[in-house]
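So the structure is just underneath, and the comments pick up after that.
The chains carry the letters A, B, C, D and E, assigned in the order they are written, with residues numbered from 1 in each.
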């Protein structure tokens, strides 16, 4: 078996998070890019923290993640350049349909989590320093609660696994909309809270590994990729992705 | 951060975590030892008798069973984890036991993984015991149990190797226990190392989650603790094995 | 979906994938075999001579080295993966080799993981060869190489077990190769089974990613394929081992 | 005299080679029966059949009036009453004391009785004071005497001796011969001895069987066979001539 | 006559026990030197020292005019020229042919020479036609004769024989004795033989050494020792009396 397609000219290594992989959108976009640029894309899907670390050590050319705070720290250190806003969606709080903590009725995310903590209903935290986990921590902070007790369980896993765990435990958890929709038919959990645009905002950025730090990275190709993601055509693809399968889009393009 | 610094940092971190007797680290270390130790004990208690039965009891299809056992040495942990998972989830046939995401579930998964390993290596240790030794046991009036005891004595180096290989595999294993145990830690552990207590989080599953956070130094520190534990066991076993 | 249905579905799916010679599955199976096969070959070529050296060459600290080797049986895969990762990333000491996220990196990681396993089991197989056999080689004028060949012959059951255990471990391993290989498949395959070709995706890493997507049936199908491969190897090896 | 072994038309085939051919023989309680014949003639095979380590290919084999079927239970029952001293004794990786104590411990004798009997047996064979030595370091003749002590220490009803003095000096040979006669005289033990030492046969045996190429060509009293052998080839063998 | 072995004040201690005490002896080229003495007296240990399997605790040991230091190279050089037939021969898990061919193959003889010499040697010891039998299935005496063939087949300059006829019948004993004399007469081979068979000593030896409790109490010509032994305890031993 020849695993390298014939006319591939240049390889581009993307380090990204499980949500872009597991929803399938990256696959679609990459295929477009490859066809247009006669390139070969190698995608490494991992936790956001590891995805950024991989770029920081020069093992990727371009990084596509959703943890704004960590991204900015890395950019300040000079590891990445040209950080570009690509798309966003919203986090959702999911849980058992009967909503024992009664969060459906709440006004904002901190209040919702506050209800869960108050009733000590099981809550599964990703606990993996991912964008989602950081967002969750920020909401707890805003609610002025330090979650503690056996109802609050950290699993240190990706989104899909975390949803599966919460499903079995009949627990609440915070998820990105895309992964939840992709797994919707495999879980009994339902979206209980999603109205808070302030606290549940989930932006995705792409950035190039700094060629001054790692001269061997494919900086030109990375820039092509970044420009590609922000092009009108691709933004339109993002806008429509998921409509047929989930009746609603998974992401909202940043630029159109 | 340069690459070597991760290693150095990991080593320093490991010492730090150990000397300060960090309660979070102690608790995940405890879960590691408890789960893998119990699984190894149960596996050895199954595997050693099984290896003897396969060595000494003649029956049709014996070689087929041996081949199957040996094949069990290559069971993919994630596969075993999934299998135990679908058995134990509430919707599964053993769901009523309510054991998914518990240390017991992890013990079951590791038990399935390492029993064939201990059996396979013990089998080859038993095979190396000369036939005349066994015949001598019989002619002196010994029964099957005496054959087993004497063979154990003669093959002890190999049997100890088998059990240690099983323990090493269990301690190092992550794929199966991550799925069935869920890598759960209680309270306060949100922020990372230093707070909270493990429920089903082991050194290996903690390494995995620290790694996915990108915290390579802490991962390396945890790895060093794990290796130190196994080194200690091996040094202890070395004294038993050497005296002959 | 009920729990048993995952299993049944997995089995059906496995047959489907195999009989249709699905090119994506073929390519990840190919990578699995290539990576683990090469790693096992290289590890055996290191481990067997090493085991002989540790058995027959007397030197200070021999027992300490043996203990270290045995301890290597418990190296956590994720730890080894991280170690190889920090060595091979461009920022690392071996970054110039440009080998991170390649099959070669995976081979290196598995090599490190299984060499101690093969060495440890081979050591105990060699130990079981009676001393008079070795003395007879010497008195007949044999040299060290003849001792090695004859010991190999006498201990072949144990040595084959050692290599098979190493291969089984390599084929089933996921923690290390996930980190250093990156589970990369060329575009088209990310969205699911059926398209694209593997670059560094193996059966085990594919199981992991399918599982995290929640596609348990496909994971089980991949696991069945993996076990079938290893079963085939064991059946083949059974013929060698049995003839005595 | 009462019959203890009754063998009718017994044949034993190994790999297509008839090693024992149509043997008819009765061995009586309390007699010393010597089995002689050239090397490779089937003596050891015959003794192994009497101790149930080989199954006759054909023919009838009765012990103490009952046909022998070879179930594990029956094997143990018969072996509890008898003892085979192998031509090349296997030595357990234990002290001299524990080797000799083996058959006593298996039979559940209490500690002080074991100690007393072992000391006595070691004294008789001239190994007093060597109790704690590792049995694997004994000289050839010492090992043979230890194995003799191990075989007689629990007072078996039947003693099957395969070249019991091959590695002994004249003084020790005489001592063991005296011991054999003494055991028979005092305990009425039935003794079957395979030996190449013809003067020994003269000194201790009551009856003699001559095996030649698997056939029992003559069974005679010891007086008869040395003075007027009933077969020309027996006579030739006794004179040290070539008989095949 | 030229000296081949020269031993001065040689002592060998095992576990604090002096097994050989202050031995002084020269063995000459082309002689047949018999070593006799009670079981456990140190004969085997002495032969093992001559073939460099034991290092003297004290004293001087020269071979062919040069002091022996025991480097691996020197060991092989001396063993290439000599051959020790162990008291209990170890048998390789090979055919009879391949066992006997071992020393020839090690020395790089071509295939047809190997075939010719092995056939010849098997013929001499009476094992023609058994070439393809697995050597581990040979009878005690057959194994001893095969080991004899294996030791002489490549024509060593020095032949060290430890009880070479212990398991043989009178006819085969006579044949092996004839062979020993023939080898010495035709090839000038130096032969050291440890034996309990005193008539054998008379038949084949030139000189005799009597070992008693690790001391060489007498060295004498074979004529001298049987007619007028120089030591009272030698005389007693030759008469089969207790000497310790």
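Here, a residue touches a chain if its C-beta (ideal position, glycine included) is under 8 Å from a C-beta of that chain, and two chains touch if they have at least 3 such contacts.
Owing to the predicted nature of the structure, the values given are computational and were not obtained by experimental measurement.
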**Fill in**
Per the touch definition, the chains contacting both chain A and chain B are C
**Prompt:** Taking shared residue numbers divided by all residue numbers at the interface, is the value for chain D and chain E over half (same) or under half (different)?
**Reply:** same
**Request:** Starting from the mean Cα coordinates of chain A and chain E, work out the distance between those two points in Å.
**Result:** 81
**Prompt:** Approximately how many whole Å separate the CA-defined centres of chain B and chain C?
**Reply:** 17
**Centre-of-Cα separation between chain D and chain C, whole angstrom** = 52
**Item:** Distance between the centres, which are taken as Cα means, of chain E and chain D, whole angstrom
**Value:** 28
**Touching two or more other chains - residues of chain E** = 88
**Message:** Using the touch definition from the top, which residues of chain C touch two or more other chains?
**Reply:** 85-86, 89, 91-92, 95, 130, 211
**Prompt:** Got the chain A residues that touch at least 2 other chains?
**Reply:** 46, 54, 56-57, 157-158
**Asked** Could you list each pair of chains that touch, in label order?
**Response** A-B, A-C, B-C, B-D, C-E, D-E
**Prompt:** Which chain E residues qualify as touching chain D in the complex?
**Reply:** 14-15, 36-41, 43-45, 87-88, 126, 133, 137-142, 144-145, 162-163, 166-174, 196, 198, 237, 240-243
**Request:** Please name which positions on chain C make contact with chain B in the complex.
**Result:** 1-4, 6-7, 63, 66-68, 70-71, 73-79, 82-83, 85-87, 89, 91-93, 95, 117, 120-121, 123-125, 127-130, 155, 157-158, 161, 164-165, 167-169, 171-172, 174-175, 179, 203-204, 207-208, 211, 216, 219-220, 222-223, 226-227, 230-231, 234-235, 237-238, 242
**Item:** Complex contact set, residues of chain C against chain A
**Value:** 23, 26-27, 30-31, 85-86, 88-92, 95, 98, 100-101, 182-192, 197-199, 209, 211-214
**Request:** Report the residues of chain E in contact with chain C in the complex, numbered from low to high.
**Result:** 51, 53, 72, 75-76, 79-80, 82-84, 86, 88-90, 92-94, 102-103, 106-107, 150-151, 154
**Request:** Provide the residue numbers of chain C that touch chain E in the complex, in ascending order.
**Result:** 130, 132-133, 135-144, 146, 150, 153-154, 244
